[in-house]
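Provided herewith is a single structure, encoded as C-alpha cells, for subsequent inquiry.
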C-alpha cells in the first residue's frame, strides 16, 4: 500500500510538491451534514503559512484553498472532499547547482537511493510544503470531533533550545493563550507562558542572525475525548498518535503522559489511582493524577490526552557545510533559501491536525463497532 | 479497519487472550522459499517466555508453537502462515473478586468503556500474552530480512531505573553480548554492559522484594538495512517503527538517533555531514556521525537504525492500591498474580520482532515499486 | 496487501491447506455481545462438508470447529475471533505421481508460475478446503446482520446443466425449502423446486457414473437489508458482492437483478418505477418491480437483493485427460481422488457466507459514517 | 475504509461531482521513471468524453486534464500523482424541480437513504462524470503494464440490443479496429465487426429518436499478461476484475472465458488441456483452448484474459415515467438532460481503464512477493 494515505475510516490521501502546481488532499469518510467552508480552512492554513511573523521563513504564499468536491450548500455530503492549495512562490532561480549535491539533514540522498531520481527543486515531495494538505484536512477533523463529541485539540510550543515553558496543567491551555499575547497581539512563537515566549523569540532571532537554527518541543493536548477510543493491540490509539506525529517532518521523539520520565519510576509511584469526580455532575470515573496521559491499554480513559514531541533544528542552513555529490565527490553546500530558524511556531497547526485526524478516525471506528446502533 | 492486523505487505493478524485456548497469528505476504521451522520460532519464544529467570514472572508456559499452514517441506510456500501457541498455565483460581474492580495502570476501565463487556480473567486481550503471536511472526520477519538483504535486528536493555548501560556504539552490540554473560551463562537482564547488568539485576530484585516494580529503556538497532526503505509522507519508516513500538504494552516514549536530545541543539551541531566510506570496498556514501539514527526524510540512509523506547514499571503490584469498582464505589486492590518486577528483559524479543516486521514490510514495498524488475 | 484478508470493517483473514494440519480464520471487527457457539458454526460447516450425501464427494471430514479466542461466556467480546477447523482425512497416499503434472482446469500451472514452488498434495492453498474458514466466519456474519438489522441470506441451486428450477419469486424461498424435501428428508441438491431437484439429482448421478462432472448456477437472496448500504464509487455493494462470489473457486460469472438480460432491453422496459408500500404499515418507498436486484447506484434500496452465479463443472475427473509435465513433456492424467460430480450443493453455504460477510461489512461501514451517533 | 479508493499497490483515490468544480484522482504507487504527459491522458479522455459523436450525449466538456504532482521532466517521480479535470458544462438550469423526485433507475433514493442529504444537481457523486478520474488513472496503468511487461488492454462493444458482433477470436482485435472504420473514419460505436457496427448505430439512433435507450455488452481483452498474477484466495485476479467492472455505473453482469456458458457443460467438455507452443520460440506451456479466459485458481495462466460485461440501458429518459417524491407522493418525471441513448461506446475506455488498473496493481503485488530480488 503506497504511503500517501493516512487513516482508516477518516482517511486522507495527499499529493503535491514544493515546486509543482500545488498540493491536494482528498478527505474520505466524513459523515454528511458537517458545516465546512473555505474560511474555516483558511484559519489553520494561516497559522501554518510562511511569512506570518519575523521568526519564520519569509517566503510568500497566500495558501488559499479551493474545495473541489464533497461540500454542497455549505455542508459535507458524505462523499470524498478534495481540497487544492496552489503553490505561488516558486522562485524561478536556478536549482541546478544543488541538483547533484546532498544537503545534510535532508532527504536528498535517501530519495535518490529510493527512486534513483528526484525532483530536486526545493525538496519536491519531501518538502514540508505537503503539510498544507494535512492542515486543511485537520480542520475537517477538528470540526468532526467537535460536532460529534465536543472534542478539542490544542498544541503549543513547550520548549525551544533550553528554554522551557512553565505550564502547570497542559489541559488548561486555551487556543487563545497559544495564539495571542496578553496585549492582544499575535503570540508569534505559540508558547502560552509569556515570559518563556519572550526568551524563545530572542533565542530564535539570535540563531537566525547567526545563520543557524534551533530545535524545540511541542505539547499537544486533546480534551473532551470520551473513554473507549482505540483498539487493544496494534491500533492502540497511542500508536496511531505516535505514527501521526512521527510522520511529520523533523520529529525525532514522541512521548505521552509521564513519557521517558517513567524509566526511573517505581510502579507504586507511577500508577494513577482510580476515583470518581462529580465536577460535571456525572460522578464519573477518573484518575487522581494523569501520568498515563489519557490512555491505558492503548484506549482512551476520558482524561485529557497529553503528548510531547521533539522537533529537530532546521537542516537548511545559510552557513557552509561539507557534503558530497551524487558520485561521492567532496563538496560544500550553503542553502540560500529563506528558511525557518526554528520549526516550532509553524509546527503547531500541523501537530494539531494530525492528532485531530487520529481522533476522528478512531471515533468513526468506535461508532462502527458500537453495539446496538439502530437503522433509524 | 479492525485493529488486529499490522503491516501492509508483510502483514500479521493476531487473535488470542491470556486465559483462552491460545494465541494465533496469521502471517501473510511472505515470499516463497524461505526456510522456517518450529525450532526457529522457539528460540525467540523462549527469550520472551515467563519463568526463564529469577527476575521475571514465575508463571509457567512452555510456549510451543504449531505451524498450521504456509510451510511445506521446511520452506514457506508464499501463502498465509498460521501459527498457534496454546496457553497452558491458566490457573483456575477465582477471578470474580477482581471482576468489578479497575486495576490501576491496566486497561480494565478503558475496555469496559469501549466494549461495555470484558474478559476479566487476567486482562483478556489486553494481556501481554498476545505478544507471543508477534514474537513468532517476528522470527519469520527476521528470516526474511536476513535472506533477502542481510539485515539484522538486535535490541538490548539500556536502562533500568537510573542505571544506564555504557555502550559506546549501539551498532556494535551483538546478539551474543545481549544473551550471554562473559562466563557463558545467560545474561538474564539482556544488558550488554556487564557492570550495569549486575546492578540492574540487583535493583530489579530489590523492587521485587519490596512488592514493587521498576521502569526502564530499551535500545533497538537494525543493521545491514539498505538505503531507500520508507515512504516520503505518512509511511515514513520512522513513523512505522514508532507505531510498532508504541503498539507494545507499557511503552510511553520512542525516539531515534539523537531523539529528544535534539531539542536544545543548533542545526550546525545537529546535521550529520555526508562523506564516503571505503570500509567495505564500495566507496559508498555515508554520514560522518549518526545523530539521524539511519533515517532522513523518513527513508533509510544505509546507516545503522537506532531507536530507544521507554517502558513503564509493571502496573500489577502485590501491594495494596486504591481504586474504584465498576459502579464507582471506593475499593482497594492487591494483585496476587506472579508478575514481572521489571518488564524490560522480556520486552527485548518483542521489540526486535516489531522492528523486524516493519523492515520486512517496507522491504516488500520497496520491491513492489522498484523500477525495472523483469518477469523472469 | 496480501490476498488472504477479505472485508474492511468486518474482516476475515484465513490460512490453511487441504493437506496441512487445518484451516484457520480470524474474524475481526465483530461488535461485542453477539451470541455465538461451536454449535452455531457446525450447522453451516455441516452443509458444506464432504460426505453429506450420495451426490457429493465421499471424503470424510468431521469439520469440528474450535473457537480459540474472542468469545467469552457465549458472547463475542469485540476482539478478534479465531476459529480452527482441523483436517482429518489426509490420506497418506502417494502424490508424487502428480507432483510434476498440471491437472487441466486446476491452479497447478498458475501456482508454479507464481511461486515457482507449490504444495502439490491435493491442491494446497488452492483447494476448496479453504472455504471451511469462510463458512465458519459466515455464520458470525449471519448472526451479526440478524441481530443488528434482521437481515437474512439464503442461497439455492437454480440450475444444473440444462435443468432450471422454477421459482416464481426468489425472495420467497425459505431456508427450510432449500434444506428439506416435502417428506422432511434432506434436500440433498438444495434446489427449492422439488421436480427440478429430482431431475438434477438424476443428472448429477449420471455424470458421476460417467466419470464426468456438470456445471450449474446458484441464486443468492438477501432479505431485510435496509436501504442505504454501499458506497457510491468503487465500493458499490454490487462490486463487493461480485468480488465475494468471484473469490470462490469455480465461479465464472455473476449477475444481479435482470443481469445479462438487460443487454437487449430498452430503458423504458428496464427501469423499476418507484411507488410506496404499506405492507408493513410503514408506507415506505419501494419499486414496483425488482429488475435492479435491490441495488441502485451501488447502494441498497431496501428491495430484496438477488444475485446469480455460474459455477463450472468440477475439473478433477476420473477419466483420462491430456496434459503436460512441468518441463512441457506430453502426459496424461486421471484424477483418482473422490471428487464432487457437481459443485453446486456444497457451494450454497459458501455463497451465503460470502454475501453475509459483505453485508456485515457494509453495515459496519454505514454505522461508522452515520451522522449523529451519540457517545451513550 | 471509505469507498473512494481502489487498488492496493497501484492505488487510485478519487473525488468530484457532476456539477462541482471538477474531478480529481490521486494515483499512488507508480514506480519512478515512467513517461507520462497531458497528451497521453487526453487520448483516452477524448474516447470517454461527451459530444464525440452523434450517438452519444451532446453535452460539451473539453475534459482537459491538469497534472498537479508526481511528474517531473516528463516522467513519474515515484510519488503520488494528482490529476484534475475541471467541469465546464454545468448548465445553470433549475434543478429544483427534480430535487425531491426520485428518478427511476438512478441512485437518488438510495443516496437519500444513505446520507439523508444529497447533491441533487445531475446526480452529484453518483454521476458517471466521476469516471473521468478513472480514465485518466487508467492511462497511467496502461503505460505501466506496457513498460514493465508489454501488457495491453483492449475493450470493444460486442453487443447492442440483440445485435451481436461476429468476432472469431477476441484476442485478435486491435485498438485500431475498435477506433477506426475501414474507410479511416471514426468507428463511433467501437464494435470491431463493421456489419454489426452499422446495425448497432442504426438501432441506437432509433432508440434516441424514440426517447428511449438500449442496453449492450462489452468484451475486454488483456494480452501479454505473464502467468502468475493474482492471489490464491480472496484476491483472485478474476475477483478483482469483477469488482473493477461492477464498480462502473450500469454494469449488471460480468463473466470471463466461457462464463455463464459453463452452466450446462460437462467437465470433460469444459477443461482446457495443457500443451506447449513454440509460436514465440519459447516452447512455453499453454492451453489448447481458452474457455478459462486466461485465469485458473484466480491466477493468470499467460493465455489472453477475456471478460464480458452487461451494461444496462440508460436510466435517464426523455419520456415520462411514474415515480414518487421524497415524502412518497406519486409524481411523474421526464428527464430533459442530454443523455446517451446507449452507454456502450463511451463505456469502452472506462472498462479498459479499470482492467489496466487491476493488472498494474497485481503486477506490483507480484513484484513485492517475488523471491530473490536483489538490492541493486
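General remarks:
Order as written gives the chain letters A, B, C and D; numbering starts at 1 within each chain.
By definition in this document, a contact is a pair of C-beta atoms (placed from the backbone, for glycine too) under 8 Å apart; a residue touches a chain by one contact, two chains touch by 3 or more.
Chain labels with UniProt names: A, B, C, D = Chorismate synthase.
Keep in mind that what you see is a predicted model, and the values were worked out from it rather than measured.
By number of C-beta pairs in contact, C-D leads when C-D and B-D are compared. The chain with its Cα centre farthest from the Cα centre of subunit B is D. Taking each chain's centre as the mean of its C-alpha atoms, subunit A lies 39 Å from subunit D. Centre-to-centre, using mean CA coordinates, subunit B is 45 Å away from subunit D. We define each chain's centre as the mean of its Cα atoms; on that basis subunit C and subunit D are separated by 26 Å.
Multi-chain contact residues, meaning those touching two or more other chains, occur in subunit C at positions 1-5, 8-9, 14, 29, 32-33, 78-80, 114-116, 125, 226, 232-233, 365, 369, 371. The part of subunit A that touches subunit C in the complex is made up of residues 1, 9, 29-34, 78-80, 148-149, 226, 232-233, 364-365, 367-373, 375.
Contact residues of subunit A toward subunit B in the complex are 1-6, 8-9, 14, 102, 104-107, 109-111, 113-116, 125-126, 130, 159, 161-162, 207, 212-217, 226-236, 238-247, 249, 251-276, 283-285, 287, 292-293, 295-302, 310-317, 319, 321-324, 328, 330, 365-366, 369, 371. Residue ranges of subunit D in contact with subunit A, taken from their complex: 1-5, 8-9, 11, 13-17, 20-24, 26, 28-29, 32-33, 66-70, 72, 75, 77-82, 84, 114-119, 124-125.
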